Amino acid sequence: MAALTNMTESTSALSEKKKYKVIAENITASYDEVVAVKNVTIKFKDKAVTALIGPSGCGKTTLLRCLNRMHELTKNATVTGRVLLDGEDLYSNAQDPIIHRRKIGMVFQKPNPFPTMSIYDNVAAGLKLNGLRDKAVIDEIVRGCLQMVYLWDEVKNDLKKPGMSLSGGQQQRLCIARALAIQPEVLLMDEPASSLDPIATQKIEEMINELKKEYTIIIVTHNMQQAMRVSDYTGFMYLGDLIEFGETRQIFENPRNELTAKYVQGQFG
Amino acid sequence: MKVITLKKGPVDTDKIFKVITLLAATYVLVIIALIVFELVSGSFPVWEEEGLSFLTGSDWNAVEGRESFGALPYIFGTLVTSGLAMVIGVPISIGIAMFLSEIAPKFIRTPLSFVIELLAAVPSVIYGLWGLFVFRVYFKDWIEAPLYNMFGDSIWFFSGTPFGLDIFTASVILAIMIIPTISSISREIMLAVPNSQREAAYMLGATKWEVFKMAVIPYSKSGLIGASILGLGRAVGETMAVTMLIGNATGPAAFPQSLFKAGQTMSSIIANEFNEASPAGLHIHALIGIGLVLFITAIGINIIAHLLVARVLKAHEGAVQA
Amino acid sequence: MITTEQRAEFRKRFRYNVNQRLITDKIVKIIVFACVIVAIIPLGSILFEVFKNGSAALSIEFLTQIPGAIGTGEGGIGPAIQGTLLIIGMSSLIGVPIGVLSGIFLSEFGDNRFGKTIRFFNDVMAEFPSIVIGIFAFLLIVLVLGNFSIWAGTFALSIIMLPIIARTTEESLKLVPITYREAGFALGIKRWAVITRIIISSAKSGMITGIMLAVARIGGETAPLIMTILGSSQFFAGFNGPMDALPLRIWRLSLLPYESAQAQGWGAALVLILIVLSINVGVRFLFLRNRGKASFWHPRREQKWQR
């Protein structure tokens, strides 16, 4: 299967690094012997939403997890390549991954707030880790993050209530607030609305549209309409290869690759 | 829909089979009921004679005509040795469970947990033998004597020249014996914590230990407590190793006064004296009475532990994430 | 909305404590590893000492003769070995059938409140002080029959075996897929036959593991034997008198102040540990399919995501 592995524009390396917040370069990732991502290179623009779409098993979630070095936590998982965040390679051996992980926030498919913590403590969890002690600053950050996820008005009087007392959609927004609290530049979202009802999904999509004004968002989704609604750029993956990458409108209205066309027309899923 | 059977005899063999298995299953209930009955009736004379002061008294006099028995020193002895065993054993067990569930490389997990389980397979009497002739010597010289030299005058529970056959030694051996129980259940409980919890912590940039502190421990806390209480139950019922190492004091002298003094537990006094107690007097009934108290203590502890652990494991089994 | 500039400001407030956190992480790893070592050292020492001291005492005479006069160091532990083998055999004759049938009940018919109750009491019984069970057997059997005997000892040990075997049998049977049962019923085979012929043969290795582990467990039990079989210096002399067993003999020898007695104690301990450990180790390796020990709590979970 012929695979397109690079974006079509070519500029000098340095200015490229400045234009793109995150660059995934020649990423090859495997579980045991199975290669899930085959030599994929994508450049993600700052303050924009990039969607990764493709059928189950195409490697989009694996690629996402490579961006914040979560992939290597799975047993027998290996990854090669580089991930540049503001020009710095996260995979250089210089530093422990924990330093890099906190620069990038991640939200998972099913909401997973810490059940023994209150709403406040859930959001503040990452701050405590990073040694922030000043209560006033923590309060400010918690409020700011809960506002960004449209949760503040709903819970501002109930901050001490357990995180699990919220509805599914609210819990997911809580998890997004938790990820935003550590002040990342990039937000990774792995099918964030797939376990939610349509109304909660809509809220999340509205939120993404607001957040992209200040954050770089990379979202994996199996819902093509969602990709059309929220993303500026889209990458289509199939069986580990990056088949096509470009502006969302172009991918969906005028795909250059035959396989892409088949997928976005719903001929396979 | 009825199962179509090829042969239909006059006797429903399935029903018979079910009844047989049912009877076998009920056997345990019958036994427990019988145990209660026998213990109560077997100890009845001492309750009659001493009343509730059997539980509060500390005499231990088997001489005919001046018979007087009180179980309190041994109740204390059991509580102190088991408690101390917990204080030593629980942290070590949690550490082992953490190592096996979070840190150890894959290839080492199974052999290592097997080795720890072997600790549980060693018979109690062999622990006692080893404790008596090997451990005691080192323990006395390297730990007890220095502690006595440093704190013997100032801290009351370090007083008394240590000879090695005392509460401290018995408690430490007890701790070693309950480690396999507590650590293996704790490990199960830690493994039951959903990985999504760990991922959330890793995402925030947590180190392994921080992931453990933030995501695993709070989630499994009550289960770990249950596991520890189960270890306590085991420690309470342990007999032979304790008997061989605790020094066998009786009467008021058996009250735990210092780590370095001899003591006695409920199970050890039964083991020591049962065969010498003549069924004619009150002595044997006193021992059976102690057996009854031990029974109630152990069952109470085990019931609490089971409820705690079962509740935690069940909650995780059916856990709905959101 | 928290802007890029604001984020940078907030990040400045973070303490750059990463090195400290990594060091703490390392220290914890070391402490935790130390816990493992602390647990393994006693095991190593016990095995070492038992083998070292016990093998000195071993000989054919030691294994087959009756004990000599106290303190002389003569004679052996023949009756004790015979006694242990006899009593675990007889206890199994009672404990295994009842335990297996209980396990079958719990697995096949026990998915209800009554089953839960039985399971609960089995678990409670399993971690029970064995000396209390000895008292019970003393009251029920020794006093009634009027003498110490193998009956009392067998009764006590079978009670100890029972919950272990019931639980492991139940767990092994539950691991057999329900489709096996359905296939049997669909063929018109009666339920009891499906269970005994089809299901049990699938669950065989797990069940045998549980039984062998229970046997190893009662082989090492001492406390319930004290007031049931009492102990003896003669070979088995009939069903109505006292007899010896290895754990009892070890204990009695340890109480004597003679070096020779101690040496014999180590020898007896070696024999006992060889029996117990070879059952434990053998069962693991022979039945590799059965993962983990006969756990009271859960079949071991498959840990897919590990670090």
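To keep things simple, chains are lettered A, B and C as they appear, and every chain counts its residues starting from 1.
Here, a residue touches a chain if its C-beta (ideal position, glycine included) is under 8 Å from a C-beta of that chain, and two chains touch if they have at least 3 such contacts.
These numbers come from a predicted model, not from an experiment.
The fewest steps needed to get from subunit A to subunit C, moving only between touching chains, is 1.
Centroid analysis (C-alpha atoms only) places A farthest from subunit B.
The chain pair sharing the most C-beta contacts is B-C.
Between subunit A and subunit C, the centres computed from C-alpha atoms are 50 Å apart. Each chain gets one centre point, the mean of its Cα atoms, and the points for subunit A and subunit B are 49 Å apart.
One simple way to say how far apart two chains are is to compare their mean CA positions; for subunit B and subunit C this gives 15 Å. Residue numbers of subunit A whose C-beta contacts span two or more other chains: 73, 75, 98-99, 129-130. Chain contacts: subunit C has residues 21-22, 304-307 touching two or more partner chains. Residues of subunit B in contact with at least two other chains: 106, 207, 210. Contact residues of subunit B toward subunit A in the complex are 106, 194, 196-197, 199-207, 210, 214-215, 218-219, 221, 321-322.
Contacts from subunit B toward subunit C in the complex involve residues 3-6, 13-14, 16-18, 20-29, 31-32, 34-35, 38-39, 42, 91-93, 95-96, 98-103, 106, 112-119, 121-130, 132-135, 176, 179-180, 183-185, 188, 191-192, 195, 198, 207-210, 230, 233-234, 236-240, 244, 267, 270-271, 274-275, 279, 287-288, 291, 294-295, 298-299, 302-303, 306, 309, 313. Put simply, subunit C touches subunit A in their complex at residues 1-4, 7-8, 10-11, 13-18, 21-22, 304-307.
Contact residues of subunit C toward subunit B in the complex are 21-22, 24-25, 28-29, 31-36, 38-40, 42-43, 45-46, 49-50, 53, 97-99, 101-102, 104-106, 108-110, 115, 117-118, 120-125, 127-133, 135-136, 138-140, 143, 159, 162-163, 166, 185, 188, 190-192, 195, 216-217, 219-223, 226-227, 230, 247, 250-251, 254, 262, 265-266, 269, 272-273, 276-277, 280-281, 284, 292-293, 295, 297-298, 300-301, 303-307. On the side of subunit A, the complex with subunit B involves touching residues 68, 70, 73, 75, 98-102, 105-106, 108, 110-117, 125-126, 129-130, 168, 171-172, 175, 178-179, 182, 195.
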